[in-house]
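Common to both upcoming complexes is chain A, partnered first by chain B, then by chain C.
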Partner chain A sequence: MDELVEYHKVNEMVIRDSSTRDCNMIACWQGGNKIMTFAPALPDNQDNFRQTGPVYLHNVQLNTDMEHPTSRKLINESHMVFASLQQMRKEVKDKSLDKSLLLKFSRKYRSILHSNFLEIRLKLEGEHENHEAGLEQQMKLYSMMELIWSLCEILFVENLPDGAVLLQLVEWCKWHFPLADELVQECTRSVDETPPASHPSYWDAVYALVLQGRVSEARDMLKLHPHYQTQVYDSFSSIDELLRKMPLFSFYQGQSTAEFEMKWRHWQDECLKRLHDGDFDTVIELKTICKILCGDEEVFHQLSELSGSWYRILITYLLYTNPTINLYDLHYHSKLCIDMYGGHTELSALDNILLAAFKFDVSQVIRECCIHLSNWWLPTHLTDLIYYSELIPNYSSENSSDLRDFLLVQYANAMSGVESLWDVVASYLASCSTESNHYLALYVQRIPLSSEKKVAKLLRLCEKHQLTTEAQSICKQMAMKALTNKRLGNALLWCIKSNDSSFAMYIADQMLTEYAQTGTFSNIDVIDYLGPTILMSERLTFLGKYRDFHRLHGEEKFEEAGRLLLNLLVSRIAPMELWLSLLMDALPLLDKDKIIYGVEETSSLLACLNTLDQQDKLFSKLSESEKRNHLQRIKHLRLSLTNNLARAIVS
Partner chain B sequence: MAECLAFVSQKMSRVRWQPVTSSLQKPDTFVSGSYDDTVNNISVWGVGHMTRTSNQQADNYMDDIESSQPKKLLECQTKGSVAGMEYVDQKSVAVGLSSGTVSLFKYNVEMQSLAMQQMWPTLHSLSGVTDVAAKNPDLASVGEDGTINMMRVDCKQPLRCMVGVDSSPITSVHMVTSTEVCTTNMAGQLRMYDARSPSDSPSRIMISSETLVGLCSVDHHPTQGHILATGGADGCVVLFDARKECTPVSKLQIHEQDVWELRFHKTSPEHLFTCSQDGTVRRLDTTFDTKTLSSELSGTSPIEVSELLPECGTSINSLDPSGNLLLCSSDAEAIYIIDNAV
Partner chain C sequence: MDGCNALDQIYMVKRINSEHKDLLHDVSFDFFGKRMATCSSDQSVKIWDVDENGEWHCTASWKTHSASVWKVTWAHPEFGQVLATCSFDRTAAIWEETVVENSSSQTERVWVHKVSLVDSRTSVKDVKFAPKHLGLQLATCSSNGIIRIYEAPDVMNLTHWSLQNQIQCKISCSCLSWNPSTHRNHLPMIAVGSDDPSSSGGGKVFIFEYNDQTRDWSKVLTIMSMTDAVSDLCFAPNLGRKHHVLAVASEDLHIFTIKPSSNETSTSSGTPPTYNQVAHFTDHCCKVVNVAWNDLGTIVISSGDDGHVYLWMANYLGIWRRVGELKKDLSPPSDMASPPVEKSDLSPLPVDGNRINFRRFTQGRAPPTERPLDPKFAGAYY
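Moving on, here comes the complex of A and B:
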């Protein structure tokens, strides 16, 4: 299985850039597996940097594993499981989950891996041409991950007592290595043409079944042999008896290991006796089978090809020499088995991972997985599962939390290249034990604000994790964006959301400037319906009331309008720049037949006018023509107000 | 309530059942539009149905599961995220994209074709279209730029462009009749526009709350057309009566977070389905009689709320009821089909 190492070879890509004269490119990381490269400006003979022609920025993305639809399925499904695991941990605050619960979660992860594997296999079988690139590699990767995960589940999570471990491992072998089944199928497939026993793979099939500990199936195969039919006590019946009587540890029926051990020794002694008596000398294949049953090392060497790899032979070896082996002693016999396959130098990456698992060296397993697997899925989720569990001896909690955080961040980083997965990334970052808010804040700042709906979702995320500064910042960014697009109403709404009164004042000023220039309000529909939020900023309140004035004037409720206008001036809520226009607005009211402003009111208006007149600062800012206009208006106003005063006094 | 969950590797912003020709027919085809992905597309899916007879054994269980999983039949790329999608007639779908384009797609499953039939480009600036509404042959689209466009199938130019009529982004649109359009916006207003009137201003503006909580979705009652239901960003469902004043008839806190979509059941209009950012899908059962809803005198609430999908961890963006089946899409890149939803 050298694919693991090959998969991680350094990749090469040719970038065709027409502006490069020489081989000169500068690159920098963009984050999330992206690299930005470009051809820099080269100095000419006088050391001047001059750019000839256009500059191209190349955006290169490597390791686009995560973009593959099957990977995304894996990511999302496993995220659901991950999230419920974290939720459960939060509820069980004393930090150690029940082993059966952990097993459930582990099985969920495994089923996700398996279903993805089946899907890819289906895809590969279906279309014969036009395969998506790397589907085969994906399939291999999934089967590998499943293998590693299931072994880790048996050894680390299930943590079975002596004897039961081996049973599970035998199941593991059966499930993951269907060689025996394939051979049996080959033999029995063409029953009509060649009887199974004459098929060249017949004996291989039987051996494979026995090696995997599937004795009843082996017996069934033997029954198909023509020589079996004879009733005379002979080698076939003998071997059948031995196979039938092989004791299998019935852990779940409450058998004790001592009892089983005794039975098993008895049985193996019987096997040895029959072998030495020469019961099987006539049929050499049956002798081989008996040798397997006796745990003969030599025969395992012989059949090593059939077994395929050292871990399978290890399980077979243990099954026929020491079936009540302890969980922690499994690896003592591994050297023997590895030597059968060429020794330690021939071990592939996968072999190393499995060896580390047998040795119970969890950190080594994780380390090897990180190095050799092409994505971070497995180490991240495995560490998370066994984190906090006291199943692993000598696994200190500080180290494990650092490791877990590191892996979570790496995994999140790998996913961050896919924009669609932003909430999954945020969720993983949020489950780091320390610094989670820090990572989350950094990440949130980098999520593009592509639409209002997305921003709404992003703000919900900030709310969930109490990232108030980021939320404020996002609101401000949206307000600025709206302002740049001249959508003052929208900008105002964002200001209100972030409770930013100074910005609201600025926007209100903009609106008033617009009014001054064009004579109309553009965003009236927002102002009219602001409700109590209009009190957020004084300028905004003024704007609202000014708008009310216009409305009242339009509805011909002149008295009310007049009162409002006076109020605006007298209460000093109106900015000085607008006083002149406000007073000008009062002019039509002064012309009405009915007296709207009484003596007191008119005096107040005159006082305001005087105050305005004395504003040299404001006056000096105006241009010559504006100054003339200004003085003209003041004169006009003074005249009208005095007239009104006269009328008021008289009536 | 049986539930089928399928992971589809893309976040779907809209899912819609193909309209059934008769109410007895079970819907078996739906379209979905993806968003927020590097490459977005619209897809047509087929759903097999579990036809369990009394003789079927348990070993057919795997087959049953297989057949109830939706299968992608057709796919077509779009330039930009899909923001709004509605069926115009049996086989054509109007799609509004984040690039500001509204397109009309036509598909035929037997002929294996799914292609764009007509396009109105660059109708909206800023972040493009936020929603589309359709009532054959009229279409309406709205965007964050506060613009409403009215179009007709087979007419190249839009019939009416009301540019910037709303100062706040318009979040959803619905055609009550061919000429009356109602929209909701981020300032919490429900507006009615009359396409026949020469002016661009709304015929009515209804406010959902004093506190400027945005509205995200709108739908009208199939038989009582004056009743409009809107979903708010605070999880409230606000009911309005278009004939009466501008204040809501009733305001109900159904969810904890934004109600992204709500839809009345076409044939059983006493059911209103809602889905939300909080990850739940709920159903309101009531006669939607304005008198009983607005009266505070009755002690017992006339409305029953049942939960169809408990909190699933991520936001549910869209839903569509048809017959007994409810189709939902979530941000976990998954699609749910809930059986016996009514």
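Moving on, here comes the complex of A and C:
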């Protein structure tokens, strides 16, 4: 399990760059987990040193653990569990959920870990030679995480009343260290050639079973021994009886601790008696088994190779000396077993994590996990699971942040290098407990707006978390993008979404300029769908009304069209630059048989024309030919309007 | 070499030929990390775009100044694709990418020179756009110690920038950073560092705040403990914190928290801001030249003159710690083939020394004139 230590040390890398003379290097963030480094020019060597060779940049990607295809599954599946856990918290309105519920979630996480582990193992078995170098390490990492998680589940989540945890711990050992099963299999597989009892590892298999407290299986193994006779009462029958009668403490059987302890003492006295009576002196192996049953410390030393590690011997030791051990006393006994394996100095990173768990020091477990595991998956999800059960002391000072938030952000940050995981990252950041979503707000601004579909999803996310400014900024960017690509209609739509009236006015102006130049509106159909948002900008309102006028005119509703046009002029909504065009639009209405503009209306139009005529400033901006044109039109208009006035008076 | 395997997995390095003809001064990424701008002593700026496979391609390159380009920086994408550069030639310049139709009526993206800001009498050392909630504003600092704040009143017309403020620092400035906080109680703030070499000159980091009443920037704080020359400084993204976090690269790496002035009364600032040093690292054995925060403001990266780059992170108790290191190896790449992580792009640079090859997309200015033919060839028949 040394690779843990290596992960820690490895946060260091070398970039080979011999292209430059200088040894200095500057790094800047690309975003996510990517860094760009380059050799900088010294600020004071202006022009006296010229680089000769090519100049290189180096794109460094840190901690690509999360980008591994095998991690994808872990990330996505655990995100589902995480999201439903948050949802549950919201629904129940009690953040510290019921223990049974927490246990359910914990098992879900654990099964994800296990299925990932199996998948990698399958992959490794499939391709023998040319598998990726990292795959094996990934597998080891997963198995380690599973080991830690399941121990934490027993100690922190399940946490039975009375703190009686031993049976769970025995199960934990059985599940994670299948050495006994392997040995048994080894013995029984070769049944055709040699009887299992004469297999060299036969006794090791029996010891291993007894050490893990699997008495019935041990008895089955013993029955395979040729000396085992049911009829005669000998040493084999004696040990069989002891094994059969071994009491097991289980909280669920409704036994009281005292009752059990009495039974247990009675049974162990019997074991000791038989050992001293010399029942097993003839078969030395059986004597060893009996010594185990008696909880003899010496024999554990002898068998330390079969146990493999201090935490496994700890559980065996407790099983045979102190079966009703309380959760909080584990720490005291662990010391003894560690000494058996060379003391504290020999402890690896994993040992330290497990030791912290046995000490029931949750914050220490999380701290060690953060330092030693190469990803943030385990500490983040574990912390989130048990955060509200008051196991973790809450520090708060000015500079510190909430531990759960801190880990969520770290985990999300590690994933942010993978662009396709943006919604997962956002979901974790959104689960931070700080009142407003500052982290989410920061992250949302950095998500590339690669497609309209993604933008729509992103906007929904912003809406859900009340990130109004960010949503507006996104819309603005989209509007800007559309504008640079000369898609005015699209730009207008985005800009209305972003609620930016000055920008809307700019785009409306662009549309009107286009109209003034070409006589047609290219994207005008957008205007028809705007509805009340058209009131956002004065210019946009005008554009909408003007569009209405064209439609009415087209539908030959001349009276209404005429009234609208007059309104546009009189209310001064129309920009001065366009007045002449508007008045020209009125010309065909004057030629109609029916009088559309009465005396009053015609006078208003004439007044407008006079105002326009007096706009020297506007006039001076025009070119020579335009000036001539302008004057001619005004003259023409005045004539027509006067004629119309005369007609109106007469009728 | 088991350790090396683990290393391969954790880091990936891609080598990119910058195609610049001289060493780089600055590399800057757009808001999404999808585009990169590089500037160099060869007076040019190059724009790079990344493709789906993470490969960088140079998509534009042009001569921007008539001297070394110190810094290049992107404006917020809300304002379009806009760059600002500053140079030894005493100017800062604004560039915008626009879509034009070329002769074969296909659309093409070109970078157009919008304006040169020529107010400075000395080399312009740094240029930074303000956070977007302050509008399209730009701050420059020059080596004679003048900080200038420009604003584009019409964001659709980038050819017009007005000089809003001029602040006299009286000491050579090397770097500046806008405070990105969007909190409504926080006044706009700029931190400026000085590279003045004399250590007797007092503090080298100044904090300026904008006052709405007087419509002026004023110095509100000098970090007196920073007496060494400052090469770079950078505010961390503000996460709704009450204080700001500022990383300073000097002889060592320093991280400060700055409590902004309380402006509840909103009259001329009630209490001046205060600062507190939360971390000081001497791991770089020599000068620290550059600091940068990641997007979420969780990791700060510092580069030293010794070819080491360190990554720093604070744990949840606010205690800073080194979490990573990049080292430069100057040894000749004899074993280039062995580490598979390094994609070697060793294709030799096209040998052309003349700078005429740079395309310039400068609006209004004629392209460089063709060199006249040597008179003795002028009338020749070929």
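The rule is short, and it goes like this: the second predicted complex is superposed on the first by the 504 of 651 C-alpha atoms of A that agree within 3 Å, B and C clash if a C-alpha of one lies under 4 Å from a C-alpha of the other, contacts with A are read in each partner's own complex, and residues count from 1 in each chain.
Keep in mind that, in the parts below, contacts are C-beta pairs under 8 Å (C-beta built on N, C-alpha and C of every residue); 3 or more make two chains touch, one makes a residue touch a chain.
None of these values were measured; they are calculated from a predicted model.
Contacts of A:227 after superposition: neither chain B nor chain C is touched.
In the superposition on chain A, contact is made by A:454 with chain B only, not with chain C. In the overlay built on the shared chain, the residue A:176 is in contact with neither chain B nor chain C. When both complexes are overlaid on chain A, the residue A:30 reaches chain C alone and has no touch with chain B. In the superposed model, A:635 makes contact with neither chain B nor chain C.
Judged by the touch definition given at the top, the superposed model places A:244 against neither chain B nor chain C. Contacts of A:485 after superposition on the shared chain: both chain B and chain C are touched.
By the document's definition of touching, of the two partners only chain B reaches A:79; chain C does not. Counting the residues of chain A that each partner touches, chain B and chain C differ, and the larger count belongs to C.
When the two structures are aligned on the shared chain, A:69 is found in touch with chain B, with no touch to chain C. Shared contact residues of chain A with chain B and chain C: 485.
The part of chain A that touches chain C in the complex is made up of residues 3, 6-7, 9-18, 20, 22-32, 34-41, 43, 46-47, 50-51, 53-65, 68, 133-134, 137, 370, 374, 395, 397-403, 405-407, 409-410, 412-413, 416, 434-436, 438-439, 442-443, 445-449, 469, 473, 476-477, 480, 484-486, 506. Those residues of chain B whose C-beta lies close enough to touch chain A in the complex are 7-11, 36-38, 81, 83, 98, 125-128, 130, 144-146, 166-169, 171, 186-189, 205, 207, 210-212, 214, 233, 257-258, 277, 312-315, 331-334.
Residues of chain A that touch chain B in their complex: 67, 69-70, 72-73, 76-77, 79-80, 83-84, 418-420, 422-424, 450-454, 456-457, 460, 485, 487-490, 493, 496, 522-526, 529-533.
Chain C meets chain A in the complex at residues 2-3, 5-25, 27-29, 31-34, 36, 38, 40-41, 54, 56, 67-68, 70, 76-81, 88, 97-99, 107, 132-133, 156, 182, 237-240, 242-243, 257, 278, 289-290, 292-299, 301, 303-309, 311, 314-318, 323-333, 336, 339, 342, 348-349.
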